[in-house]
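In the part that follows, the structures are each spelled out as structure tokens.
Two complexes come next, and they have one chain in common, chain A, joined by chain B in the first and chain C in the second.
The block that comes next holds the complex of A and B.
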């Protein structure tokens, strides 16, 4: 295991710059924390998961798919250097694993893997949560994990890329991750984990009546934030912009909370109300995905709950569901 | 990758977010998690606010009409032509033969400059903007009763109130991040009274939903005040200490019994009584209103009644209370604050006051300024058709779609000697202009917007404007220079704000260095003042609050045998006004792709109209075809249409009947006929 003192962070990250396009949690001027370029704002590794989903690096809100000029198709140029993104909490890593598999399954998504392929992922864990709380270590799912032990970062590589990234860091005598991590994880029973499993079971047992969704739907203002903030939401819309010179095709994050998402050409919508759309969104994560992929596709990152203006993010809805129908 | 903190360009809530860009192109939006306004959330328009910016339809070069066709031109040619032709119109017909329309979409600095250009350079008070169409009734009505025509309280007050009366505001759709606060308040036990005959989302959460007749707000509010006084629920201490003219108010509502109110409003008498008791019985009660109150030929009277109701119950000047007009556009508050109004300089200082004129003339370095109030925007069309107005300079507005009685507006605009339009897209109005100037949009410039709670917030430039497009403030300065005026040489919007603040007492403490985190709320008179979240706390701006008795007047055009329906117009959640931005945003346009009209199932059955049938709607002013939406949202006899769509334009039907005091058009009531298309 390697070690990094806080005052060595900047030097370490700067040393990677010739080879890697680095992104990490930064603190913006108004106090918002996001994953961004180290030169744009001070880094901010401690605290809650960053506001925006870290998977946006590979699947941004809007991206150009290709342009057509005089019949010639041109794809966006590849990046100069691969991305190294630090700042994935363990739950974010689970989300990344999920959408990596999703985008690779069947018809492989070139646009996603154009950026994802060759990128390195840095996990964050340890006593760097809000107010110094413990974020249980991931113990994998990334190339390298940074674990805050309250005085320094313990740095563990899980891949060849990870080993290369941290080759120059000094070794530490701290207990090996294999000894330390299971013990820490066991200390943290997660109530939300139990809650979401319980809600999933209720849905799959068909124990949640339509009236519940009508109540929730009445509180939805269709902001679409739950979808846009969710690291496992992968739906997108496609548009063409035509000018005299060229046609540009791009895609943008879509939302199943929108009427237009499922509306048929004739105007009928099988999901024509907020109630039906909200039921579908949560059913997808908690009931449909477990059948398709063998796991619930909400990894409890909490972003939809943070971004929802009316308090009906998935954890809140699960809590209400369990309280009413368990 | 770059992030630029800025303010949403859509509604008056003033949510802040980061525009995310990559290699000079916007790729998304991230809400500010620390904003006291939006607290990490956004509405669907905010989440998509980046999406129109690089649209290929953006104007990239000045255009000049030759032989009936708009041709690309150089900035030199276009700017010289604008100045020459404005001056020529003035030389032939007089200074007041031209009118400047400013923009509630533009920044404070740009509104200040256009007002300065009109007054100091072109010598006319003919300057106005679309506040005339939305909250001029508020500016007039609250200035009279309270002394200040702005939202009295702050957005945070929705978290601290017991009862909210929402009248004429579809808050979850038109001010979504305030609507969501109201929904949260309900979850925490706040009671809602929704007075609106459309079954809006908030009505589903209301303790009382009052579906009163369109245009009967004065009757309803007078009836509620009658009950409050009759049942001893009035706050006598507040009335005695803080107000004047109460006796006249009490006398004027004495005969507005619940029964008479019921007859005038179509409600049950018990509903009026229940609403009065719920509102007056609360320790803290807020009133929220918007264009359902203001856009009437008696809009100012509606506002007066609202002010009286709040004062009668002592619901002013405390947290969780107040009279809260929700301003429509992102910067309509700022457009008014900056004096883009025909009778007022910035900070609501009267042009008729010689001392005020002297102050502005001195700072601006001119010998005199015009003293007669200019034309309100809504009177401009009539003035032009009467031969009094011959040239218009329109910045960031689209009256071809937004003004009432579209046929009349088109005829007038087409017949002007000179029409100049400065905008970001070739709108329906720009398409008929003589000269078109390409402007930068919100993402491409610095400046400030003032939101509905009077919070002045900064925009930060994220990307460059397309082609040769320039920021509005740069264009205005260039015009002033070419008109021979040397008093508009600024290197940045910050310098413009410094000048505006020095002339505007309520903005006296506004300076860019103080706005960085979350802005400041005016009144902010000096550089150490922390801003004012709640107005009228110890005294009203005018001293004592003034009760103005109001008589109930009917709407200008009522249904009859020939035109049997009431048409009321408004907006949808997914589009913004004339759609120049939202109809070029894929997800928003997909959501509401075409014009529609809401009608009640009973009316639909009677007329043999099915959901999504095409219908012909006609009024005394025009006719359009649109798609029927059969829904219980509207009551029988009433139709609702949004005005966003050029095809099936609601304003081909509406009536340019104006409130005599505020000159606001009666967008909310006109008479129409509805037929199924063969």
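The block that comes next holds the complex of A and C.
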């Protein structure tokens, strides 16, 4: 295990810049923390999970698939340097693991892996949560984990890339991760874990009636914030952008909460009501994905509950579902 | 468009040339196409392609011809939006892009040796035609074949010339119906819903498989009639329309609960999807 004092952070990150395209949680002037370029704003490793999809570096809001100039197709060039993204909380890492699997399955999505391949991931944990609260350690799912012990960052590598990244940091005599982390994780039982599993079981047993979805759907204002913030939402649309010089085909995040999401050319719409669309959003994560992937695809990052203006994020809906139908 | 040599991207279209364009109805055209590199499309009956027109985007279109007809493939396209509208302005010699073929085809290994009832409504005859042509070209592989087709009106029927050939052929038992007929229409089939064509059929459910392709409203009623005749869901195939945006299982637009129409379908055995909400 290595150690990094807070006053060494800038120097450490600067030392990586020649080799890596670095992304860190940064603090915007309005107080929002997002993952961004360290040259754009001061870094901010302490606090709640960053706003927005932490997975957006690999599946951005808009990605160019190809451009055509004078009849010749050109794909986006590879990046000069691989990305090193620090700032994934353990639940974010679970989300990343899920969408890595999703984009690799079957037809491997080269648009995603063009950026993801070779990228390094840094997890954040320890007493760096809101107001110094403990974020349980990830213990894996990343190349390097930064654990804040209230005075320093304990730095643990989980891959060859991780070992290379932190090779120059000094060793520490702090407790071995293998001893420390399970103990800390056990101190933080998560009620929401039980809640979401309970809600999933209700849905899979078909014990949630349509009236419930009509009720939840009535509260949806179709702002699509839930989808746009969710790290495991991967739906997109494809469109062309034309200019005098070239045509670009790109994909852009889409939302299953919009009326046109599944409307077919013939006019038929399998998701033709807000009740159906709201059910789809929740059912997809808690019932369809467990059927397809063997695991619930909500990892309780809490972003949809934070952004939803009407209180129908997935944890809120699960809580209501369990209260009414358990 | 010229595809980058040796490209591997899922999203790059292959350049194709239009060999001919013909009118099927006032709103539908048939495009005969070949890949510019001369490579066969390599499809099976029931699969679809993503048609790409630069500046207009992409749309999923079922292949309407059988792979047994070599040197080209055909797409029946209804003018329904901006891309299909732009397609309708194309002519022989123009180019377009294709990705695919994608999706699960009709399970020919299970169809072989069986008696077939091929039921289509409206535009559904286009994908069904790929299977009908396959049966036409490999007649020894299948038992008896009934073709049932329903359209809104005589003028709305697709592939009128081929329908006449199939009607006259001893290989097929062909029945047609239209919802409405106007004074002066020349049409010898029945008037009414396609469901009315099923009760008169005589078949052994143990050696018969039915395939259905049509508008969403058609499936439940047709399936009910087939069930009444003793045909179980395990012997009924449905090909479903969904809004596939990527064709490769990533965009999420064609999900049916845990299944994806573009990868797990569009051709399903009915018992695989009849319990899934929104499938039919």
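In the analysis below, the second predicted complex is superposed on the first by the 324 of 326 C-alpha atoms of A that agree within 3 Å, B and C clash if a C-alpha of one lies under 4 Å from a C-alpha of the other, contacts with A are read in each partner's own complex, and residues count from 1 in each chain.
Basically, a residue touches a chain if its C-beta (ideal position, glycine included) is under 8 Å from a C-beta of that chain, and two chains touch if they have at least 3 such contacts.
Only a predicted model underlies this, so the values are computations on that prediction, with no experimental measurement involved.
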{"item": "Simultaneous placement of chain C and chain B on chain A, clash or fit", "value": "fit"}
{"item": "First (chain B), second (chain C), both or neither touched by A:307", "value": "first"}
{"item": "Chain B versus chain C as contact partner of A:40, first or second or both or neither", "value": "first"}
{"item": "Superposition-derived angle with apex at the Cα centre of chain A and sides reaching chain B and chain C, degrees in steps of 10", "value": "80"}
{"item": "Touched partner set for A:31, first chain B, second chain C, both or neither", "value": "first"}
{"item": "Which of chain B and chain C A:242 touches, first, second, both or neither", "value": "both"}
{"item": "Which of chain B and chain C A:254 touches, first, second, both or neither", "value": "both"}
{"item": "Which of chain B and chain C A:75 touches, first, second, both or neither", "value": "second"}
{"item": "First (chain B), second (chain C), both or neither touched by A:106", "value": "second"}
{"item": "Where chain B and chain C come nearest after superposition, their Cα distance in Å", "value": "9"}
{"item": "Interface residues of chain A shared between complexes with chain B and chain C", "value": "237, 239, 242, 254"}
{"item": "Complex contacts: residues of chain B adjacent to chain A", "value": "1-3, 5, 16, 18, 20, 22, 26-35, 38-44, 46-47, 50-51, 54-56, 172-173, 176-177, 179-181, 183-184, 187, 201, 204-205, 516-518, 573, 586-587, 590-591, 593, 612"}
{"item": "Touching residues (chain side chain C, partner chain A) in the complex", "value": "1-4, 7-12, 54-59, 78, 80-81, 84, 123, 215-216, 241-243, 245-246, 248-259, 263, 278"}
{"item": "Residue ranges of chain A in contact with chain B within the complex", "value": "23, 28-34, 36-37, 40, 51-52, 56, 60-63, 218-219, 221-225, 228, 237, 239, 241-243, 248, 252-255, 258-260, 267, 306-311"}
{"item": "List of chain A residues in touch with chain C within their complex", "value": "65-66, 68, 71-75, 102-103, 105-111, 234-240, 242, 247, 249, 251, 254, 256, 261-266, 268, 270-271, 276, 280, 283-284, 287-289, 291-292"}
